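Each of the two complexes below includes chain A, the first together with chain B, the second together with chain C.
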Partner chain A sequence: MKALQIPAVVIALIVLAAVPWFGSDVLVQFGINALLLGVLAQGWNIIGGYTGYASFGNSVFYGLGSYGVGIAMVQWELPFAVGLAFGVVLSVAFAILLGIPVLRLKGHYFAIATLALAQVMTAIVSNVKLAGQNIGLVLPPLNNDLLFYELALGLLVVATLTIYWLSRSRFGFGLIAIRENEEGAAVMGVNTTLYKVLAFALSGVFSALAGGIHAYWVTFIDPESAFDISLNVKMIIMAVFGGPGTVFGPIIGALSLSAVSEFLSSEITSIAGLFFGVVVVAAVVLMPRGLADMLRRFRTTGWRYFAENIKATRL
Partner chain B sequence: MSAILEIKNVTRRFSGLVAVNDVSFDLQPKEILGIIGPNGAGKTTLISLISGTLPPSSGDILFEGKSIANMPAYQRARLGIGRTFQIMRPFPGLSVLDNVAVGALFGRGGGNAELARARELARAQLDFVGLGKNVDQRADELGGPGRKRLELAKALAMQPKVLLCDEVMAGLNLVEIDEVIDVIRKVRNEGISVLVIEHVIKAIKSLSDRLLVLHHGEKIADGDPETVLANQAVVEAYLGKRRA
Partner chain C sequence: MDLLAQILINGILLGGLYAVMALGLALVWGVLNIVNLAHGAFIMLGAYVSWHLYTYAHIDPFLGLPITAVVMFILGYALQRGLLNLVVRAPMFNTLLITFGLEVVLTYLAQLAFSADFRTINPSYAGNSIQFGAIVLPLARLMAFGVAIVLTVAMWLFLLHTRLGRAIRATAQNLVAARLYGVEPRHLYAVTFGIGIGLAGAAGGLYGTVSQINPYIGATLTAKSFAIAIIGGLDNPLGVIVGGLFLGIVESLTALYIGPTFADVASFGVLVLVLIVRPSGLLGKTA
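Take a look at the complex of A and B:
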């Protein structure tokens, strides 16, 4: 199993990297979106999947990353890379400043508090002159989908390698211990406050980079789209559907759900809006540990897998 | 010999209720100190105050001569204070082995521990408490007695200097109690000081070098087990005045 995994990942990566050379423009554009969603899902995986804090604030990081690139390139005429770095700095600062109070909350309270952050940020940015107020910013166009595609893919690879490292490092074990039982983790020597803030910040780094790349790609940002809460909902659905707290689950979730959602919105537009809602219900009831776990265990347990999960949710 | 742990006039209030009232005692190196008391006497609160999951309302706690009363729980753990929970707190989704490995990764002497090395230490610790066969099980698949042992293994993997045991024998049968007593004796023989909270008086009487009795949050007796258990105030606390 393990021996087969590495070549399989390498082959999948080569195929993905080669898409711009044999795929249509539409496919490449779909790919950029799907890969960036994959990065967002992986970013959420760090704070939500590994640490167990269901963050609705990751769209704030995404927005800060977008505005980092927008402000640097439009207002200060700096290169794209500097903009990305600026966005990351904003995100990390935000994660530390707001993470310290907000990460004291647990469960639903944390989710609600972070949900409010995105709304507040929309209101604040709409009034900042440097950020173009509620009109937004128009970035210099760069018509190079190949570059954006490979950037998004590269970022997803880095995000996944980071998560792979988490899954077998002391830091990652600390986060998992916090998720499983925070008080138990503290008395075993885990600096829970520091670890949670670091996880929040790391999660923010990837979300910000995805936001920055997306902003330069679509060449336009405004407060509504940059801090869009539905994007945060999407990353949670994708990570949870694929398997939160696993290395590859969120990627599988992001790519498969993007594909189905794309297909529905072009073929049967009327029910496309329902799609993510149905996915949430199905995922939570039938496979709360995600697609990755389902695929692994389905072979041994068969259909009983779903029956047991339904029983466990006490419907 | 100077005490490894000193509790000085520690009080803990929960709004109106005084759970621990002006309690002082110390724990000597390599000593097994038993703490008994009826339900609600403040035993678990006392352990939480020492391990740092609760701050004291007043008083001081010294570990190796230095005050730790204002230190967060994780720092106390790294200094060498390990505890078990009465209501067991395993990491349910992790394997039994990884549950214990967390202790080796973060406890005393952790900090630069490798995962592979931590798992090795964890395996040894699980063998020690008699869970060697269960390493690959998920922690939430263990039964009650298994979880009690897991709690012990998790705390021991931190290589503590002081081990705080919160009712590790509750719910065990007589054979299992003897096995746990045996484990705790071995722990002490390795040079670790142990503070044992227990309900089962018979078990703790044979195990402890010294016995301390809490009642309504106050220390009512402290001394060698035989004398303490014969003490009039202790008998009254347990059986009521009329019976005594």
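Take a look at the complex of A and C:
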């Protein structure tokens, strides 16, 4: 990290942490959502951005985290923290049990297999008695947006520090090697199966924690919303728009797209959903390496940046 | 025993429809190397085109299929020519993402234009059926099955025996060599994608006669089409018939013995299992 960046990050963090004291209730609620989406985007960044395995099923972890908290607090009357831990355990178990077979698949096959898993989970959870079946679970209310905001911010900081560690550790280099050339990585002595499963599980831990916090905050979960497939859309788009495989890209993507989406949905409700689709189509064509890369190179290349991206991939 | 026979018949009739759903996906994937995550959304759009033709112009859904297919072909051609051709040489992940984005866009536009209400295409003969002893064959499903099989076989013959079909197969095998023999790739890619989307549209029209449609059916249909293409392999259009029948029967049996809510679980479970055991498809050549 460059010398100038550290103070900038610290100041941004202090401002973000202080938002509940000067911002309105609406801003704080928007903040909780945006920060949790940031955590999801960072979680996806570990498996999709660094390891190069495009998971379309990370919403499963989010749902397991939600239900971990829900089941622990409603059915067993345990404290919130135990519920979070339970959700994490469920996610890690899922990442190991299904990750080992599914992570053997490459490219399209992995993407679709995870998409299919995400669709299966809704149907399965809808039939589990402990999880309240179709009806869902109602959690004990805790009207404390300040707490949820700071929890979400804290989680995002931990997730980002983890990714920062990835970007300069042996483990992280192993993941990048897998992304660039998996056979090459294996030849160099990277235990690819272990690394991939660990990355999948780590990605799942953060998604599950985000899901758990969200569940307690909204105090109600049902299979449709907890395992919402469109959440995958959002986290992938945010990570890719910001810059997959970078430390800060997914956060920038999550906060900026959340803000634009929130603004659009308050102005023209029907356009807001369309927005994410249009952004991802435009981003893939014009800036496939994300906002972070564009900002860095736009200064030297100007508008040619977009033309060059198109030229590189068109038929 | 009669119940089991009836369930198997239902599964087979459903499977024919599944086959034609997957046909376009398999074609685009095999030739263009694009896994079109918006495929189900195009099926959904095709169903709406058919529904509009039937509701407002009173065109029989089966007679209207060619119109639906042509409309969808034009849409597919334009999208490939104007947009997807820009990213065909990008890494696989980018083409997955862009079609994923298209899915979101198409679903939202459909919701704005057609509302989220359930629609059905109900011609006067929809309730008719043919009786064989204890077994009932619903007429609409039987016709949809027949059309689906005809379309799939026609596609197979087209790829084998026509000039355009040979150009498409040549491109799938080796783009550079095909180019040397005079294939114009931008046009040919657009035609291939157009045919894929036209088939998806026709499948949607058939789907609308046997099931309810709404703007959100796309994602599930994409995953099912993918499962069928995987089971059948990409080498031969007739593979999707096997894949479709297999999936249709598995779903029907699951709905009977385990419960209707588990039908989708079964089909995706099959998908994941097949992927893990034989990623090149049950019938496909080993990679």
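What we mean here is this: the second predicted complex is superposed on the first by the 313 of 315 C-alpha atoms of A that agree within 3 Å, B and C clash if a C-alpha of one lies under 4 Å from a C-alpha of the other, contacts with A are read in each partner's own complex, and residues count from 1 in each chain.
In the analysis below, a contact is a pair of C-beta atoms (placed from the backbone, for glycine too) under 8 Å apart; a residue touches a chain by one contact, two chains touch by 3 or more.
The structure presented is a predicted model; accordingly, all values stated were derived computationally and were not measured.
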| item | value |
| --- | --- |
| Residues of chain A touched, compared between chain B and chain C (which is higher) | C |
| Which superposed partner A:Ala17 touches (first chain B, second chain C, both, neither) | neither |
| Partner chain(s) touched by A:Val28 [first = chain B, second = chain C, both, neither] | neither |
| Touched partner set for A:Ala186, first chain B, second chain C, both or neither | first |
| First, second, both or neither for A:Arg170, with chain B first and chain C second | first |
| Which of chain B and chain C A:Ile96 touches, first, second, both or neither | neither |
| Contacts of A:Val218 with chain B and chain C, given as first, second, both or neither | neither |
| Chain B residues touching chain A - in the complex, by the definition given at the top | 51-53, 72-74, 77-78, 82-83, 85, 89-94, 98, 101-103, 105-108, 110, 113, 115, 118, 154-155, 158 |
| Contact set on chain A toward chain B in their complex | 168-170, 173-174, 176-177, 179-181, 183-193 |
| Complex contacts: residues of chain A adjacent to chain C | 52, 54, 56, 101-102, 104-105, 107-109, 111-113, 115-117, 119-120, 123-124, 126-127, 229-230, 233, 236-237, 240, 270, 273-274, 276-281, 284-285, 288, 310, 312-315 |
| Of all residues in chain C, those that touch chain A in their complex | 29, 35, 37, 83, 85-90, 92-94, 96-98, 100-105, 108-109, 111-112, 185-186, 189, 219-220, 223, 226-227, 230, 259, 261-262, 264-265, 268-269, 271-272, 275-276, 279 |
